[in-house]
Amino acid sequence: MLVFENDYSEGCHPRILERLVQTNFDKQVGYGFDEYCDSAKEKIAAACQKDVDVWFLSGGTQTNRIVISNMIDAYQSVVAADMGHINVHEAAAIESAGRKVQLLPHVDGKLPAESLKRMLVDFYADDHHDHCPFPGLVYISHPTEYGTLYSKAELTALAEVCREYDMPLYMDGARLGYALACPDSDLTLPEIAELCDVFYIGGTKVGALCGEALVFTKNNTPSHFLARVKQQGGLLAKGRLLGIQFDALFTDGLYEKLGAHAIAMAVKLRGIFEQKGYEFHLNSPTNQLFVVLKNEKMEQLRPFVRFSFWEKRGETHSVVRFATSWATLESDIDALEKLL
Amino acid sequence: MLVFENDYSEGCHPRILERLVQTNFDKQVGYGFDEYCDSAKEKIAAACQKDVDVWFLSGGTQTNRIVISNMIDAYQSVVAADMGHINVHEAAAIESAGRKVQLLPHVDGKLPAESLKRMLVDFYADDHHDHCPFPGLVYISHPTEYGTLYSKAELTALAEVCREYDMPLYMDGARLGYALACPDSDLTLPEIAELCDVFYIGGTKVGALCGEALVFTKNNTPSHFLARVKQQGGLLAKGRLLGIQFDALFTDGLYEKLGAHAIAMAVKLRGIFEQKGYEFHLNSPTNQLFVVLKNEKMEQLRPFVRFSFWEKRGETHSVVRFATSWATLESDIDALEKLL
Amino acid sequence: MLVFENDYSEGCHPRILERLVQTNFDKQVGYGFDEYCDSAKEKIAAACQKDVDVWFLSGGTQTNRIVISNMIDAYQSVVAADMGHINVHEAAAIESAGRKVQLLPHVDGKLPAESLKRMLVDFYADDHHDHCPFPGLVYISHPTEYGTLYSKAELTALAEVCREYDMPLYMDGARLGYALACPDSDLTLPEIAELCDVFYIGGTKVGALCGEALVFTKNNTPSHFLARVKQQGGLLAKGRLLGIQFDALFTDGLYEKLGAHAIAMAVKLRGIFEQKGYEFHLNSPTNQLFVVLKNEKMEQLRPFVRFSFWEKRGETHSVVRFATSWATLESDIDALEKLL
Amino acid sequence: MLVFENDYSEGCHPRILERLVQTNFDKQVGYGFDEYCDSAKEKIAAACQKDVDVWFLSGGTQTNRIVISNMIDAYQSVVAADMGHINVHEAAAIESAGRKVQLLPHVDGKLPAESLKRMLVDFYADDHHDHCPFPGLVYISHPTEYGTLYSKAELTALAEVCREYDMPLYMDGARLGYALACPDSDLTLPEIAELCDVFYIGGTKVGALCGEALVFTKNNTPSHFLARVKQQGGLLAKGRLLGIQFDALFTDGLYEKLGAHAIAMAVKLRGIFEQKGYEFHLNSPTNQLFVVLKNEKMEQLRPFVRFSFWEKRGETHSVVRFATSWATLESDIDALEKLL
């Protein structure tokens, strides 16, 4: 069975396992104060070219929930594109922490700076806005839910609106490695660290067993953040598990290499689909390809390939997602080619 | 100064004040167990022609928050039209109680049964729906935020979808008196009590000093509801204040008369606007009229009349709201006519 | 039937009703921006002899919930005596808003400054305190749950500890009128306004139909407090209902007179109990008397008097509470005397 | 440096690492639906000798928060000993999820069945209990915060009270392996699975990198539990990380062996302390020893041994904790002996 279902079907990059084995009996203090966490934080700060504050958490929804609920106040809400992950795929995690997600229509999965600006102008023009949810923070993901990317100009425009209205800009980088490795992208990690107030570098979907590196870029970590993480159940006693993984990912450019591999595999696979005349649902430059298949073709493939059904396209066709990852074998792409 | 700004500019109907004075030194038990609450509950049940369970709360947002957060579970959300009051004008009250508001596009302020059905079909067709917010309850208001009304057919269609999916249907009746009194409406109070699982009969905007009568229609009051109300700060020690008011409103058809008066005044005012060639933003049959004014006209009126600015209509015009109420004087309408 | 069950069995002082009647058809803006609220706020500030910020809310639990959840952050908790109202009689309202109540043993219903100090010293001495609830605000009530009072020295000591640790001191004054009127008390309203960071002046139990006046004393009102109140369901559209009541209570010393009457009645009643040789459960100087009755005596009284059962005292006796109020008739005390 | 500070200073048992390496490139579905989770669940059910429902979560506070907030309703609270971990060391996690922790005095760290019974009798005897927090679930830990253990008789008594009042009994088993291995304990895993309604088998502190196995014993898993876990940020995309670890721990009795080793080391260390005449703060039969040291002795040891300071004992002595674990080397005990 070929598997192109997602980017978290395997364990982790072998170098991570090696480091786990090598360090296993070192005695370390708990809760993220171990030396591997310290080392990983330094390496991430170096990669960001900035004096940032880094924390390690277990997963993306946990990170989004902890960041958002602690960076805005009770009367504020988080603004997101209607296709934002926090709105559609996180089981109402943000609301369960007491914060509203306010929606703007997405464009190719993205939140346009102009829409945000217009919303804020309208909000503050309304005399009765104390009865309305207050926009308090902006959430985006990069890549987006559709695998699309913000350009440097787009992210800069968002950041400018956010600064004008004194709202933090938060980037969910669950698949950031695949964005950074994308040849079409003109956004670097240091630029992201400059433009965003807070963002996370995804580990789970880019070669780690678990874990996300949360980066506060403006000396803006909420006070007593350890207590806030603990309170929401996000604190691991053996913080070393996360520190070791990110230390390995940020040693010798491993994180970049894993991203580059997934993108190379996606480029190859996209070429095959194009050559065979398949239509794309949208133009996604990263590791997720949204392809239109005839329903019969889809059923024909199912016994041999795992992929994700996305949505119906009329009565006769479907949109499906094929994802490559840090672990995708070129030979699997070749095998898939024969089935298409 | 003429005031058509809203329907809560005055105190309350004099009969309520009379009853407050008459009963003032009766010694009653607290927390809604007094005899006036009992009497009011019986009268409301009689008006509903159903063995319903009635509770009295202080205000609309409080009622919405207590009902919604207690009738659905942590993993569930409330479905509402995007123009729903709980989404736009309640300061994120529902989310602050941990529940997500899921949006569907409104049609004339209303939530169409077909949109709801489609959303539910799609939701349950998705294998990964455990990662998504679960639709758990449907919220509508009648009249809507735009003063429009559900027809009996529309409400029946919504109720059928709700029953098919085992979701309570909840009606916010902040201005229910004005809906019931509207000659264009084919929905009666007993029909609403039959079709909705829970709804409230608004007092604050229909002649009371404060208070809403919350009606559970299917023996479906959440267990220990008093504790739930207390917990959210909605329990008055002197429950008599609410009981006396609703007892007065449901004696000798007062609630109906107050509604009828406001509608008669609105009909008169609508006729004046029509006759003078004003355009309506939308066709609202209840006590709120949304009129398009030239900006100069709007400014010209301001020193003499209070109304609500609603939104811009291009560069030269504005939409404003004129509201009548149980307390509107016909002489004020005449005075306004001269200014238009 | 004689009623000494509590201090909220009647409606309100007749002067409040008069004012409601007089002002009923004045057209006012909503949500507490009316002229009666303005006037009441000025009078309360004058009574406090301080430039304070005053808000009107409907009830005590609502006030406690809104104040506490908005004055401390997610990782902080409120410190209270274990007999504190928020711990025992508010249906877990504080926790339902996400905040922990941390307990210290009460002494005569009060929170001793020394216990608080010791707790704080221990807390900050613990290296792992980021795993523990952070003391963030101190809650007291005056009178306490047992009707006892803080002396000026005791309140000053608490305030000093609070300032040393940068924690707001919050006083629940549900029955503040009865404390202020108590001859044994050396604490005045201006002193309370000086020593506390925030407190409320109870209306519901001191002659109003509903309502509490919340006072922020140090330019420390949480930002966008209207939105925060709205969000928790505490905002009345007709804010005038609260403004008018407090305006009446703070006109011509009415609030003081109501307090003084209740205390005079309590003094008389205490004298009767003493003279007849009854034992007191504790020495409460305000309007609540905790008396030890033989169980047979208690049963004998029940058909003629309503009082509150408090707790068992061994097998043969019980502690019961007799409360006087602003509305207690001297003739009822005389009638009770004959039954004792 | 010798380390007796806690039981989570090392990584994990080597067999877990072996399994992670062996399975690393197996392609598995996400979110705990992988074959290792399935296998681990079967093995745990077999060890419980019961058809239980098992879930894997990352850590103890996360597990406590998710279980408690989802097994009781808004108006209910969780009853715990005042020294319970959820009360003192979880940064108000339970309250941040909206639930109150109600306290009873501990006896040797434990919650006595009689105290619980008395509290419940008193609660239901009070007519006004709708104003009070409702006891909804009982939380205990085994071993307790002090390393003490419930006897079979004590746990049975608690379970009986819980059943009488229809409250789930929940056991936090963060260190359950050390309880089960303790020769003084008469409680087996199947008995715990019989007596408790829900409990968790701790992995983090008993040889895993992270992870706790949550066991529902009575077909009582909250509906849509996956969504509830996701919502609170507890769902790992690579659920295999937890499944593989518990599969290894429950293969060939590894979990029991790890527990037994820690207890054997604790017995040896206790013997040394006794022989050298040290006093114990309390009699803890598991892997945590609470020893009274002279302050000079304590300071003298610090450069050579890491242990946990617990509390002062007067001016001249201190209570410190020495913990053994699955990873403690006998040679380290010998080295410590020389220092004592």
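Going in written order, the chains are labelled A, B, C and D, and every chain counts its residues from 1.
We adopt the following convention: contacts are C-beta pairs under 8 Å (C-beta built on N, C-alpha and C of every residue); 3 or more make two chains touch, one makes a residue touch a chain.
As the structure is a computational prediction, the values presented were derived from the model and not from experiment.
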item	value
Pair sharing more residue contacts (C-beta pairs) when B-D is set against B-C	B-C
Per Cα centroids, the chain farthest from chain D	B
Where chain C and chain D are represented by their mean Cα positions, the distance between them in whole Å	41
Averaged-CA centre spacing for the pair chain D and chain B, given as whole angstrom	50
Inter-chain centre distance, chain B versus chain C - centres from mean C-alpha coordinates, in Å	33
Where chain D touches two or more other chains, by residue	74-75, 90-92, 96, 98, 130-131, 227-228, 230-231
Residues of chain D defined as touching chain C within the complex	74-75, 77, 88-92, 94-101, 103, 127-128, 130-133, 309
Complex interface listing, chain A residues touching chain D	1, 3, 5-6, 8-12, 14, 17, 20-21, 23-30, 58-63, 65-66, 90-93, 96, 204-205, 209-210, 227-228, 230-238, 240-241, 306, 327
Contact set on chain D toward chain B in their complex	69-70, 73-75, 98, 130-131, 134, 223-224, 226-228, 230-231
